[in-house]
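Look for subunit A in each of the two complexes below; its partner is subunit B in the first and subunit C in the second.
Right after this comes the complex of A and B.
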């Protein structure tokens, strides 16, 4: 019975996509009911797998149409769920369920909502299918459906200024990535004559040929495009900005996680190439570049969503760096940060959407003082901002600390200067993240409220609910990090290092032993260095101090500024010169000194993000060529 | 000669990438994506080809009993290619429809003019 759950969850979402198109294009109630029911049921089906897989340690394998392997050769399409798949599937389910709840109120003023929900459910189904499948070609098909639905959703509000352009760029770069994945899959088939991941893993064990090295390079590049690491990140920034906010959250919460999942599955399980120091160095360097360039670009943005988009890219850099280390601690930190990124970045996108819904703009130079008008949104935003900046006791601190620790350990063990440098870069990026969120907090939620926004109201409850759930999860994951590690991360890390069970349950007992695969058991990570509860106490004290200052202060926060020109002697003519203007420190003003100091750097970087689709594709293709070349030079 | 197929498919892929990177006209960019697709499809078909093999239409029992000849063309890559062609056609159609919409809005299909979103 339980082995039908994963495939049923995927099928249900695709079926609901068609049902919405047929029955829901006119009637809003039918539409919402179908979409929400499908999302809820498939999330429940996936959550029902937690006990057998994560706690009992089973691996569920499912052959479509019961085409089981004949004499040890896989001939059908198989779904296989171990702890690593399930970890990502849980993130995907949580994201699309919350986004579906949020969409109902957020999107209600748009037209053609039938198409919106069709595409939304197709996107959810394809990402879930990508994460659960055990067949490389099926994975490629799911990637294509995902790209297709993402592009259509990016261009959904096609009356806005930039949506079409962003959709087109996304399509071009995404297709380049898909073609590379397909070429890699084809070469893999050419060598192994099978498409099943478990069997490829058994065949490739210790037998890398030039064909499979080429395939590995192409597949890393292909999934790099899907997880938007740096030279491939350009369409992501545009797409996150222009897509409806409920979709931006889905993009950063699950679409780029699908890329990260593919990378881990391919590099760790199928090719098992993570013991090569050259692969490690390649991924770590790409990750470091991603986090640094992402965060420096974010500092100069003055659109709320575009700023979040660049932060999203930057945080994926942490994940890629951590999984690139190839150590148990690194992978644990990487998976934990991937999970936390889903939580806090989703939360931040939802608050940006709430600001857009309430004020009609996401330009940080035009909003201000919203914390009094929208208290729930502001509180949720602060939780998200603290989490992403890595303040204890929020979840970002726990995972970032693991990443630093893993990097530092590697630097000490190998004595390699590059890893030490990357550790420093990771710390600096965290500081810059905090700086740019101070900017957002100051210019959107604190400070003075422009007169035209004085009637702003809090968003409806169905939009607040997803934000509150995600904020609570952010805090909970930070405080109960040990439980998270024991029940979620450690099984997933073990599953990615030990492929024996995966291969055996798919192809048949004894296959792994015959291929010479071994088990390396990984224990839960020990955290003896820090205790977030101590930090929590410290923060309570600091917040109490701030609250005291505010209570003694004059409650200037959020006040609508209307100078009393008639009575205030200051405004009398010839008394003090100029009349006081609206004096909010806007988003683009706060770090002007920094931007001025780094003028040369920013000139180059802004020049690279010039919006030309030819230049973006050139960057992507050069990067892919570099990856393939590195594979050939260093893996022989 | 099968090696000709591989060289031709790599040539098509490189030509497609060249088109995507160098041509300013967005319709030509879409055509470039199509050419990359054809190159990859050709690579897949060539991987399954056996010179002199027969069509792969047998039952499993025939094969196991040795009734059918065992030297035939691998059918899996052909199935993959069909899937890939269908997907490629959908992507091209969608890209071209986006170009039409872009032309309506920007009054241009030149990549240098369709770049309001930058920095």
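Right after this comes the complex of A and C.
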């Protein structure tokens, strides 16, 4: 019974995609019911797998049409779910469910909503299928569906030229990525005569040939495009900005993660190349470049969503760096950060969407003082901002701590100075992330409210709910990181290092042993930086502080004076005689000294992001060539 | 039960809130006195910061019309809580409040929280002066973060070789066995870099661009009055102690008499020396920098010193 759940979850989403178009293109209620129901049921189906897979440690395999292997060769499409897939599948389900709830109110003023939900469900189904499948060609098909659904959704609000341009960029760069994956898959098939991942893993075990090295390089480049690592990141900024915000959240929450998943699955399980120092160095360097370029670009943005888009790129850099280390701590940190990125970046995109919904703009120079008008959104935004900046006790802190620890431990063990430099970059990027979110805080939520936004209202409850859920999850994942590690991360890490079970349950008992695959023992990650006692202490102190607030509010000799009359100059903000409307400190005005000192750097960087698709394609192809070349030259 | 009482004692009295406040106010008083004497003034009494704080607590608190009340009043408390927490993670020679491997990364991030609290509080007041101030505060933060991180990595590498890279206990133990970090010649550039990071982190004279009274009316604090203002002033006094304590435990550790009281007194004396050296002296002899010069100074000169040390340590010196 339970082995049918994953494939049912994927098919349900595809089926609902067509049903929405057939029955729901006119009627909003039917449309919403179909979409929400499909999303809910398929999420429930996936969540039902938590107990057998994550807790009992089973691996579920499923042959489509019951095409079981013939004389040891897999011929049909197989779905295989171990703890690693399931971890990503849970992220995917959580993302599309929350996005679906958010969409109902957020999108209600758009036209052609039938198309919207069709594409949305196609995208959800394809990403879920990509994550769950055990077949490389099926994975490629899902990538294609994902790319084209994403392109259409990017250009969904096609009354603006900008959306069409973004869609076009996405189409070109995305196709380059898909083609590279396809080429890699073709080489693999030529080499191994099978498309089943488990079987390829068994065949390639300890026998890397030039063909498979080429295939690995192409596949890393292909998934690099899907997870938007630098320099493949160029279409991401536009796509995230112009897509409806519920879709931006889906892009950063699951489309990105699909690329990360593919990378982990291919490098760790299929090729088992994570102990090659060349692959490690390659991924770590690409990750470092991604986080640094992403965050420095984000610092100069003055559009809320565009800023978040560049942060999305930057945070994926952390994930790629961490998984590239190939150590248990690194992979744990990488997976944890991927999960946290889904949570806090989804949350931040939703708050950006709420600002857009309430004010009609995401330009940080035009909004301000929204925290008094939209208190829930502002509070959720602050939780997200502190999480992404890695302040304790939020979730970003726990995962970044693991990433730093893994990086510097590697640096000290190997004596390689490059890893130390990457650690420095990672730590600096974190403070720059904080800086750019301070910019949003100052210019959107605090500061003076412009006259035209005086009657802004908080968004409806169905939009608040996903934000609140994600904010609570951000805090919970930061505080109960040990439980997260025990139930989600550690099984996934073990699944990626120990492939014998994966191979055996798919192809048949004894295959792994015959191929010479061995389990690598993964010691559980040791945490000692933040113990429950200290947490208790934190709580006591916070409590004491709250008690103090009450005390000084009521009993201190001085009184707390609040503005009761509208025009008392005592409560006015000090402008030193300047008119209020000329005294705004807008988003673009911040960080002046920094921008001046970095002028030369930004000149180069902005020159590279020139918006010309030809240049972007050239960059992508050169980067892919570099990856493949590095594979050949340094692979030992 | 007994354990909880001890934890409460650690958190609220020593080395937590009360101790940090007391030593912080002492350091702030000494700093003002020393600066005054260097400038041929008499200077205020050493208790003056305490008097200032008590006076501000008694004044009325005005919340401006444009302010977000919760953030405006809550920010100073968040800063206070995290500053009191940091002292639990910094070993006072052999003594740490909790026998966990207290961690540099935790300290690094906890130290940014008071800065963030100042930024959020200032930003929530809705004043354009605060806007400029928080922008400068943030740039200052980015400026000193690079050398700060490099110094921490250098010390971790020097003391390293254990399973977890950033343990403060490992550093304390290494110093107990091999003598203070400061007497390793390869560490001297890092120590100088750290001495220059401290005044920027605390925001004293040449690096106080964020609060520049004479040009932007104390920046983030411009709309603050009464008890919250007093608390922010207290926070900056506590920061003096926390940062100099961090310097002492990173570079001057290794003294263990076995009596916690004597240890603590030596620790405070060393903190006073560090404060006078890196805050009062520089304060007395220099004028405020521009923000772009500050950034350049930290990312070239100070980061260069720290980097030199890191490379030396990496080569096994």
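Methods note: the second predicted complex is superposed on the first by the 581 of 636 C-alpha atoms of A that agree within 3 Å, B and C clash if a C-alpha of one lies under 4 Å from a C-alpha of the other, contacts with A are read in each partner's own complex, and residues count from 1 in each chain.
What we mean here is this: contacts are C-beta pairs under 8 Å (C-beta built on N, C-alpha and C of every residue); 3 or more make two chains touch, one makes a residue touch a chain.
Note that this is a predicted model, so its numbers are computed, not measured.
Student: In the superposed model, does subunit B or subunit C contact more residues of subunit A?
Tutor: The partner with more contacted residues on subunit A is C.
Student: For A:189, select first, second, both or neither according to whether it touches subunit B, subunit C, the two together, or no partner.
Tutor: The first partner, subunit B, only.
Student: Once chain A of both complexes is superposed, is A:148 in touch with subunit B (first), subunit C (second), both, or neither?
Tutor: In the superposition, A:148 contacts subunit B only.
Student: Of the partners subunit B and subunit C, which touch A:401 in the superposed model: first, second, both, neither?
Tutor: Once the two structures are laid over each other on A, A:401 reaches subunit C alone.
Student: Can you list the residues of subunit A that meet both subunit B and subunit C?
Tutor: Overlap of subunit B and subunit C footprints on subunit A: empty.
Student: Okay, in this complex, where on subunit A does subunit C touch?
Tutor: Interface residues on subunit A, with respect to subunit C: 369, 371-372, 378, 382, 386, 389-392, 397, 401, 404-405, 408-409, 412, 415, 417, 420, 423-424, 427-428, 431-432, 434-435, 438-439, 441-442, 445-449, 526, 528-531, 533-534, 536-538, 540-542, 544-546, 548-549, 552, 556-563, 570-575, 583-585, 589-594, 596-597.
Student: State the interface residues of subunit C toward subunit A in the complex, per the touch definition above.
Tutor: Contacts found on subunit C: 7-8, 10-12, 16-17, 57-66, 68-69, 71, 73-74, 77-78, 80-81, 84-85, 88, 98, 100-103, 105-106, 108-110, 112-113, 116, 119-120, 123-129, 131-132, 134-136, 138-139, 141-142, 145-146, 149-150, 153, 156-157, 160-161, 163-166, 217, 222-223, 226-227, 290-292, 294-296, 299, 310-311, 314.
Student: For a test of understanding, state which residues of subunit A touch subunit B in their complex under the given definition.
Tutor: Within the complex, subunit A contacts subunit B at residues 70, 137, 141, 144, 147-148, 151-152, 155, 158, 161-162, 164-168, 171-172, 175-176, 179, 182-183, 186-187, 189-190, 193, 195, 238, 241-242, 300, 606, 609-614, 617-618, 621.
Student: Name, in rising order, each residue of subunit B that touches subunit A in their complex.
Tutor: So the residues of subunit B in touch with subunit A come to 13, 17, 20-24, 26, 29, 33, 36-37, 40, 43-44, 47, 60, 74, 76-77, 80, 83-84, 87, 90-91, 94-95, 98-99, 101-102, 105-106, 111-112, 114-119.
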